[in-house]
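You will see subunit A twice below: alongside subunit B first, and alongside subunit C after that.
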Partner chain A sequence: MAVRVEDAVPVEATARSAAPPPGRRRSLRSVVEIVLLAVLLVVMLFPVVWMLETSLKEGRDVYAVPAKLLGFDVTFDHYKDVFVQRGGTGASDLAVSFQNSVLVAGLSTIIATVLGVPAAWAYSRFTLKAKRDQLFFILSTRFMPPVVVVIPIFLMYRDLSLIDTKLGLILIYSAFNLPFTIWMMKGFVDEVPSEYEDAAMLDGYSRFEAFHRFTLPLLVPGIAATAVFALIFSWNEFVFAVFLTSSEEARTAPPAIAGLIGGTTIDWGLVAASAMVFAVPVLLFAFLVRKHLVAGVTLGAVRR
Partner chain B sequence: MGEISIEGLQKRFPDGTLAVEHLDLAIGEGELFVMLGPSGCGKTTTLRCIAGLERHTAGHIRIGGDLVDDLRPSERDIAMVFQFYALYPHMTARENIAFPLRAEGLRDADVGDRVAEAARMLRLEGLLDRRPGRLSGGEQQRVALARAMVRHPRAFLMDEPLTNLDAELRADMRAELKHLQQRLGTTMVYVTHDQVEAMALGHRIAIMREGRLEQLGTPLEVYDRPATLFCARFIGSPPMNLVDVELTNGALTGPGGLAIEPPAGLVRGVRLVAGLRPEALDVTDPGAEGTVAGRVVSEEMLGDEVIYVIETGGTDLHVRMPPTTHYGSEAPVGIRHAGGPPPVYDPGTEQVVA
Partner chain C sequence: MAAPDSTLQPAAPLSAPPAARRFGWLGDRGLAALFISPALGLLLFLSVFPLLWALYLSFTDYSVTRDVPAQWIWFENYVDLLTSDQVHQRAVTTAVYVIGAVGLQTVLGFTIAYLISRRARGRGLMTTLFLTPMMLSPVVVGLFWKFMLDAQFGVVNSFLNTLGLGSVEWLTNQRLALLSVIVVDTWQWTPFIMLIALAGLTAVPRYLYEAAEIDRASEWFRFRRITLPLVWPLLLIAVLFRAIEAFRLFDLVYILTNGGPGVATETLSFHVYKTAFLGFDTGRASAYGILMVIVVIVMAQLYLRYLNRLQGR
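Up next, the complex of A and B:
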């Protein structure tokens, strides 16, 4: 910008007299921004706050009209009911379903990642016969909504004695997460120059060692991001869980929580408390890998 | 001990792509051998076959007389430098350079000596404790070169190592690389798509096209007498003028009646194409002796030279002139052929015929 001082000064002076100084204007704008963001925050978080309050209210306060937003008696009974048998000391049915959810979602995510990452690497690095067709086929298995295939899978599972087992759910979730993992990880592997592996191979490593020692560490952010999405899918999955499991031993949390609604009286406090508990693990996991998550989701934006 | 011989090399990928159709090359000990061609011509695939990163589907590769077809890359005693440097990002420059030696299991003291020697030759002494992320492109490439040379390999393989550098740095590094190769006397196979780089560096140049060798020769041979029309278009900037010519009464006549000295051994009555280098043409005042009439289409003043595009007889010709000339756009001029007999091609086979 080559502006001569004599030219610039009068322009600035007239600007100052016509409009508020830049500092004031900026603070005005940020006030508007803050107000808008606060409104947005209230609208977005209100349902969550409502659930949280319901989970902490006594049964009679839940039904109070007008609703008590503040000043109700706080109780943790509902949270206790989530984990402990009412009137007993053993684990409640809900606690068992939470354990099942952790097991099913965790194992299916691990299986999909362990199988999907090397597959993605292979699809990224090697020239294969009809690679594009293969990749499209893999993606196409995700086109179908679960509800379309749930009846045939139910029949297959019945013959294979996988109905009402945790293993059955783990297998079906792994199968659903694998295509997603392969596609997402292929993008991340593509971003890592294959020259790292070439150089390592020239330095005396085998192809797989080169992948393991040099490419894999660079893929950690991508793996974290992919695993979070796979975990969220398995954790939240409802359709397969409700069709393929029936007993408390195999049932995961989503159908178990849904099962609380119905019957003559609904314990809304318990529904709210179990929903809050249900939200915690995914939030916690995402928080733990947040550093990798941000790096992973923005990886594609970096020019190599 | 560093000579490389390639016999009947063929590489077909599993998806059916034929990257290298058939290639025979004999690269001499201590030679700086350049493989040149547009992308997809098979030059990088050939290099990766020599390195052992790809397994060729037919033919044989020998390094220093030893058949290496089924050896792993690390067993071939070669070093490779990549376009993207491929420095390990979690290691310092020093660790990167030392890495191949440590992988070989060399003693720490020897590793230190060899790293210091390589760092001195490439002027990296002050940068050894930095990670690649804190080095500029040129510095990263020097570290990559140092990593290649610490091993004292039988041959260097270079895969477009200067492509990612900016123009000024590229010229510097080119000179440095050539100097380094001369000092070490190690065989170097250098792949590039940049014809200026190929001309500047190579003892010999192999021009490749669609998996086949198009021409093999010294830079001057390749420049003065391209073996095919493809090579003629590829080498030189501005490129060679390829003009339709007729052979009548022992004289070659170009567009607008331009007289060209005919090379020996031409067959009469065939359609021919002559390759005229821009510096083999002269722009003169209109009507000068031995010229045909032309018109200036464009004039590029480059400081050290002027590039004219002259239209004559419906054909545009590139002409390189000294900076003292000045005609201006649309000016009527004369043009004549001033060099010796040009290479002449058969437009059917695209091969040079005389």
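Up next, the complex of A and C:
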């Protein structure tokens, strides 16, 4: 079971009401706590709000000193610039990179899922030689510093002429998401009793069919959650993207957005707008899988 | 004729095999191999093989830009690196960064989790809001903050000016730059610690507190003797996980300061990048990378050992 934060709320509520009636010191204390939480929340959310405001401001308001928190004219020009070429009608370079990101993140997630789910099932069901060591080895590949891995990958891709191709990125992202998929899915498979498969096999199904017809349908919600996380990881990835691609045709969104600050003058309105366009899908997806966040962000290692 | 039929028919589906037993030739052993080997194959091809290649290169003076065959130079790269003052400096920077950032995140994250766990209502909503920074790409986070910390028109300096304090060069001041990177990393990853601490806090059985209440145990005693010991193992996992991630840090530095001013914010990862992609000293960079991998493996072993213990219970 993944931890469900919301589940604990009613328990807490009843426990609170069962406590002795709050005295004056208690209520003062809880006021202090609420204020502290509110301040922390404002600090944590301010940068996001500020970026949203910046993306909607006109050029001169973006650089206004002192900064304008409220009372600026709202414009969607920056968002238009993200998708449409300035002064033209074609798709902008950023729009192309967003398309690439969708393709690369989507395909690498599919590959990682197709390879990872059966492997997770096998690791969960069978007694294999040094199973624990194998699983730990798989997870530790995910811990390698990307900057270090990218050096030999760069040389390898140069020989295989995969440099600056979407295929190259898809492959490396699949390998990068596979350990996560296996660990995360193994947790979900462990929750499905293996007796279902035993029963199916008594009925005359083969082991493969027992997996395919009985266990797999039960795993679908888990597969969906795992895939969403893999999608987020690939979508957000930067290091491999910036070193393994250079042309507009292959570049994904993170290096493209980072490239906006390379020049002498930086159009922060455009940077803000493209960052928002880039971040909003992630936040939406993260909201969908919020029940599995603990397992997801620890690469499937922590679950209870 | 009708009577025997009605007695026989219900039994028929039971005796006949319901499935044709397709894939019956596939035994457990074969199935396990079939399911696991593609995954392991991809990992070997794109994770293990590159590392072995890097290991080979680390013993040579290979450079991507030169067309000369690599020369085997044994441990020269390693000796150079381990005795280099530059590398020592980067190691110190990285250590300051890891300890500072992870320490701050732990304190802040646990505080927020504790405060949230004491609230009766709105926990789900608050948790979701607090988690926002964590889901963003480091690129987006780096850009957000680079803009906010800008010395001329950044909103942070704008606030300071309104309060009558002077402008501060957050990212270009020799002393402040590393602190700024630590603050940004803390902003992004405090929610991570918070999320896991909250998971630990909500898992503490209620009856322990009730028993303590009956014994009239003080609030501090309850926190010290019940909350902390039960949350600590999970929190430690989160801290180790963050430490590994922080040790590998690259993207935030790349976006925020590009290692500068001077080398004030150059972490080990960033130095590896400079050696490999700006200095084209591939052999040396590989050796550097292998040394980093060794540190990561040690840290990961620690992490996995604790994880093992936690799961074993």
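For this structure, a couple of remarks:
Note that in this section the second predicted complex is superposed on the first by the 244 of 304 C-alpha atoms of A that agree within 3 Å, B and C clash if a C-alpha of one lies under 4 Å from a C-alpha of the other, contacts with A are read in each partner's own complex, and residues count from 1 in each chain.
To be clear about the criterion, contacts are C-beta pairs under 8 Å (C-beta built on N, C-alpha and C of every residue); 3 or more make two chains touch, one makes a residue touch a chain.
Everything numeric in this text was worked out from a predicted model, so none of it was measured.
Once the two complexes are laid over each other on the shared chain, residue contacts for A:Thr89 go to neither subunit B nor subunit C. Contact with subunit B, but none with subunit C, is seen for A:Lys129 once the two complexes are overlaid on the shared chain. When the shared chain is aligned, no partner comes close enough to touch A:Thr264: not subunit B, not subunit C. Look at A:Pro254: by the touch rule set out above, it reaches subunit C but stays clear of subunit B. Set against each other, subunit B and subunit C touch different numbers of residues in subunit A, with C touching more.
Residue contacts after overlaying the shared chain place A:Leu45 against subunit C, while subunit B stays out of touching range. In the superposed pair of complexes, A:Pro217 makes contact with subunit B only, with no contact to subunit C. When the two complexes are superposed on chain A, the residues of subunit A that touch both subunit B and subunit C are 126, 128, 203-206, 304. Across the complex, subunit C meets subunit A through its residues 17-19, 21-24, 26-28, 31-32, 34-36, 38-40, 42-43, 45-51, 53-54, 57, 64, 108, 112, 115-121, 123-124, 126-140, 142-148, 152-153, 155, 158-159, 161-162, 187, 190-192, 195-196, 198-199, 202-203, 206, 209-210, 213, 234, 237-238, 241, 244, 247-248, 250-251, 254-255, 269-270, 272-273, 276-277, 282, 285-286, 288-290, 292-293, 296-297, 299-300, 304, 307-308, 310.
Against subunit C, in their complex, subunit A makes its touches with residues 3, 5-9, 11-13, 15-16, 19, 30, 33-34, 36-37, 40-41, 44-45, 47-48, 50-51, 54, 62-67, 115-116, 118-119, 121-123, 126, 128, 132, 134, 136, 138-141, 143-149, 151-156, 171-172, 174-175, 178-179, 182, 203-209, 232, 235-239, 242-243, 254-255, 257-258, 261, 268, 271-272, 275, 278-279, 282-283, 286-287, 290, 293-294, 297-298, 301-302, 304.
Interface of subunit A with subunit B (complex): residues 126-131, 193, 195-196, 198-199, 201-206, 214, 217-218, 304.
Taken together, the subunit B residues at the contact with subunit A in this complex read 13-17, 48, 51-53, 72-74, 78-80, 82-86, 88-90, 99-100, 103-104.
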